[in-house]
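So, here come the structures, one by one.
In the two assemblies presented below, subunit A is common to both, partnered first by subunit B and then by subunit C.
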Partner chain A sequence: MSLLKLVQNNTKSAFFRCNEPKIFLISSRKLSIVPSIYDGEDPAPKFFSSGIQILLKRLTRPDFAKVFRKRNNSNISVLRTPKYKFVTDEELRMEKLKADKSADRLLQMPPVVKVHKPIDDVLSIDPALIGYDSAKYLFTDISFGVDNEHRTIIERDPDGTLRSCDHAERKRLNQGRKIREPLIFQDEEKFHSLLDRLQYEYVLDRACVQYEPDEPTYHKLTSITYQHIDLKSMYDLLRSTRHFGPLAFYLTWHKSVDNLMLELLQSADVREAVLLLALRQALHGDLSSGEESSALVSQILPTPVQLTKKEQLSEEDIQLDTKCIECVDKYINTNSAMKSQQGLALQGFREHYQQLVELSRGLKKAHGAA
Partner chain B sequence: MPLPPASGTGRYFVKAAKSIRLIRQGCTNRPFYHISVTHRRRLNSQAVIEQLGSYDPMPNTNNEKLVALNLERIKFWLGQGAHVTNPVGELLGLAGFFPIHPRSYMTAWRNRRTERENQAKAEKSTESTTTEV
Partner chain C sequence: MASKLLALRSLISKPLNLIVNQTPQKLDFVYNLKSFSTTSVSNINFFNKLPAEKLWKSVTSVSNAGAKKGRGKGAGRIRIRDLNRGQIIGVGKVNMLWPGLSAPVIRGRELLKQQRLPDDPERMEKLIKLRDSMTKFRRLKLSPIERGWSGSRMPGRSIGPPDPVVDEEFTGFDTKVLQLRSLLIMKGTLGRTRNYQAMVVTGNGQGLAGFGIGKAKEAPAALRKAKNRAGKKLMNFEIYDGHTIFHDFFTAFGKTKLYVQKKNKGYGLSCHRAIKEICQAIGIKDLRAKLEGSNNLQHIVKAFFIGLLQQRTHQQLAEEKKLHLVEYKAENQNYPTVVASPEYVRTKEEIPKDETLDFIQYVMNDRVILRRKKFPRFFQTMPHYEIYLKKYEKYRNHEKIRLNLKAEYGEIKSFLNDKYPEPKEGKEE
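Our next item is the complex of A and B:
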């Protein structure tokens, strides 16, 4: 029936994605998730294109209450008391712009780039130097003005070969992260217990700190986390954080948007559902309702972010929403994998929306503003 | 009197003879060398012109010896006519910046020879013990 039930019934290995050739198995206690990395095509140019960035930012639905919340792990000793100001309308607008800017900075998404290739170029072979020393010599070029990625780091092995250093040694020598890997990333049990406790944000933040975005371990960890979230449908935990964008990108890239779509429909967010369709169209271009969704996006984006359920609707809202509903309906009938559930959710939303429309129209008439 | 800065004062006499050599810093039984350019006749405790890198002769936990070289400034001072001492020449040869120093080949050859002799001695002693028994 649904993939969710299948995996949760204690199967040994769930073959989740068929797109990538290189896959490695990790078996956990109950759920087995196969991490899949962005093998093959490079996701970076698509991820960084402005259209997709706008869509992803809109899908994260930034809620300022969550974005600017007090955090426990920052190292300020004294909390600052909130400042209250009396401002004019113009100054209020300026403050809002500043808040938007700092929200943008806090919600900057960790980049999605393809896995780096291992560095393996031998500069010189000198078997006459065998026995010179039992230790390796690592030479770093500390010229000024070169950043850590481009620094020349080479090693002379005890068997006389002079070669460039691999990424692990480069990272160690550039004195980046903690030298010892955190235990949660080494031990599968601990990692999965953290995921089961729904500490997704903590795990993803820690992974961002520890690894570069082009390392295979980082890709593996993030892909397991995203699939776990997808299985549990706990997207709300990551909304308004900087990880929702890469999550949405990952799911759309691997064509498993159906859970997310279902959740959006159940929470009555048709506009974001259309944005998701447009994202899918931009990445893969295989939707029949593709052009419509892209056209609707330009109308949706100027509308403000919808945090709570709406009570009052204006005529433009109603028109826009009906168009969105049609678009989503088309998608469900043609490309969706969870037709029945999404159809049901859409039906429920339609009825609820109809009631809302009648209510608002009735109210307007009653207030004499028809 | 305060110690001269280990990273170099930057003051030098243009026509004087200079050399790039290892200046021993570190503590008792724990050497650590700065690769610096200084006037040739100066003592190691006097001020250097500029520090161009470092060399740690004690291998770390991964059995590696770390050497840092500011190649841009080394090239500058070589252009200004600084000489290079033998240990620094060996290090630069190992790094691939210079051709490999003949002393490196000599040490490697001598180490291999001692290794072979030790092995031969060890084999002989095991043979003699087995023949005795």
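Our next item is the complex of A and C:
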């Protein structure tokens, strides 16, 4: 544990020395998760591209009942009586649009950007000032209208060097959040106990509050959380929250989509499976069924979000779904790592789907005859 | 012959005892052997002449006229005590063993004999204590759960479910007394007669409830009548979400006016105690009711029931208005949920200009509740108040700071304390 603390404390210096990705092993009681950061390529341009944003939004499957649930950490101290209104159809539509907008705001994904580079530019070295004072001097530009990120903050060390301040000191001076880190992020035991208790949303929200998205600690914490979720296949806990997008992006970036794919197939969501494939294609472009999936996406997106299982299918639905099934089948045979399990799941889904098709076709005939 | 001898013997032994024993001075009686008198040893005295009942009656009785006026029924009256209580035949001032009476004749193989047992010195005190507890008018003490609205009075207390009718049992029902009063009426033949009137509400907490009034000469009888009547007159009420009414309303009965407001979960029942009992019987958990005008209890109950019966469910409201009914909850970030939709929805053009579209106004039948203006507190208009606020600003946040410091560092200290530790208290002295 002491070695770990040493490594943690010297993260900064480690980054100075070598640009290769450093992997720090953190062993928990049962799982050993390796936090892998977005090293190498910058994920930001890909993350913010509109196509991928649409895909991620669709994958989160926003369920308004969960998005607008009662939260304990909201600022209302006392419950209030509900208010009622009589509305026409038109006004109802306007209200729904407003609700969509606020849902978008609530589901705004925390950005995925690469880890910030340590600031290390020395402005001047004046050894003549050695011994002047034992304290560091910090100079901040307090002109109005300048963003906190772009503010000039420089320090004069006791040994006379004038340099730009590092990110940690900048953060402290910009008076953003509490100086002290919460215990859950300092103590590994506590952090892992929270994850074992499946409190993913709380951990991710807290990390968002405490850290900027370009800090190495933030990346480390989120990567451990995402991997934990992946191992336990507990994706449903994060669905309809703002963290599902970055989770899906992370898994696809690091090419470990198979668990998610399996879960989607087991819950009979072929369309979202195809969306996932399209995402993979967009990020890496190494799928054999890549173009097909991208083409299907444009057909899937207009259809409404499927929250509950469908009982009746229309002809267009059936055609679309069959195409999706073929696409997924191709993927399983070529690129998947969990072939057998996914194959089984797909088989099960095929049978179930066949029954549904027969049922709906039969019903239609009956209605048509009557 | 033998008896004569025995008689002589007794005559002799006594003076012998006198001489031999030298008994104390208490014995100052003189045996009068010369002249004799017949003193009657009477077994009958005042207390034996009549049975206990008659004796007691003579002490405590009240005349007929007095009884009609209700005299001799309150706290001052003397109670009849049964003096036999606490005493067993065979046990008395002198504690003796009487075989055949208070003990068996043969115990095992032994033939018991009459013998004197050790005295119980506290026997008299025990008896007195027992008799004292019988006399005083004890105030009936109820546990807080059984207690009604006040003391040991009936209003607010529960009297169980109504009596089962032919084949129907009132499972899950509980009745509460709302009113129990004694009425006096003047009759031509009897004069003043006393009647008890009880008002009772019964319900099962699932939407079924009813109230009933009963009159009888005795209080328990009146309660029973009222209870059964309430059981016969049950009404079904629909409850929104299991805890409150569908919308605010206003009702009146006589000069009693009620403004009732629907409230959110967890608000509780902020209303007149009678309305509270009714709500608990029905199953409403959150409500606010403001009483105005007369507070005649029967009118309040009737007004409230009328108002509940006149309530419209959300579906009915939507049908009346032919518009969607949308609910906004603050804890759900005011997300609009459609609660009820009519079959045909009107468009904007079809709505006349002067129609009340505001939900509360429509539901209260265009009545508007007066919201009183809140005037500043008496100290806020005083001259020094602003200066006080400016001074208070310095330490307004100190409580929170102390809490935060205790949470972070375990005690109240500055972050500089690690570098520049404070000198210890003891050393300073």
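Following the convention adopted for this analysis, the second predicted complex is superposed on the first by the 346 of 370 C-alpha atoms of A that agree within 3 Å, B and C clash if a C-alpha of one lies under 4 Å from a C-alpha of the other, contacts with A are read in each partner's own complex, and residues count from 1 in each chain.
Everything below uses one rule, namely that a contact is a pair of C-beta atoms (placed from the backbone, for glycine too) under 8 Å apart; a residue touches a chain by one contact, two chains touch by 3 or more.
Worth saying up front: this structure is predicted, and the values here are computed from it rather than measured.
J.: Looking at the overlay, what does A:M234 touch: subunit B (first), subunit C (second), both, or neither?
T.: It touches nothing on subunit B or subunit C.
J.: Could you say whether A:I119 touches subunit B, subunit C, both of them, or neither, answering first, second, both or neither?
T.: The answer is neither, since A:I119 touches no partner chain.
J.: After superposition on the shared chain, which partner residues are touched by A:L162: those of subunit B (first), subunit C (second), both, or neither?
T.: first
J.: A:K83 in the overlay: touching subunit B, subunit C, both, or neither? Say first, second, both or neither.
T.: Second partner only.
J.: Per the contact definition in the header, classify A:G131: touching subunit B only (first), subunit C only (second), both, or neither.
T.: First partner only.
J.: Return the residues of subunit A at which the contacts from subunit B and from subunit C coincide.
T.: Residues common to the subunit A contacts of subunit C and of subunit B do not exist here, since the sets are disjoint.
J.: Which of the residues in subunit A come into contact with subunit B in the complex?
T.: Spelled out, the residues of subunit A in touch with subunit B are 123-124, 126, 128-144, 152, 154-156, 162, 173.
J.: Where on subunit A does subunit C make contact in their complex?
T.: Answer in residue numbers: 64, 68-71, 74, 76, 79-92, 95-96, 99, 102, 106, 180.
J.: Could you list, by residue number, the parts of subunit B that touch subunit A in their complex?
T.: These residues of subunit B touch subunit A: 53, 59, 62-73, 91, 94-96, 100, 104-105, 107-109, 111-112, 115.
J.: Considering the complex alone, what residue numbers of subunit C touch subunit A?
T.: Residues in contact with subunit A: 247, 261-267, 321, 323-333, 335-336, 338-339, 345-348, 351, 357, 359-360, 362, 408.
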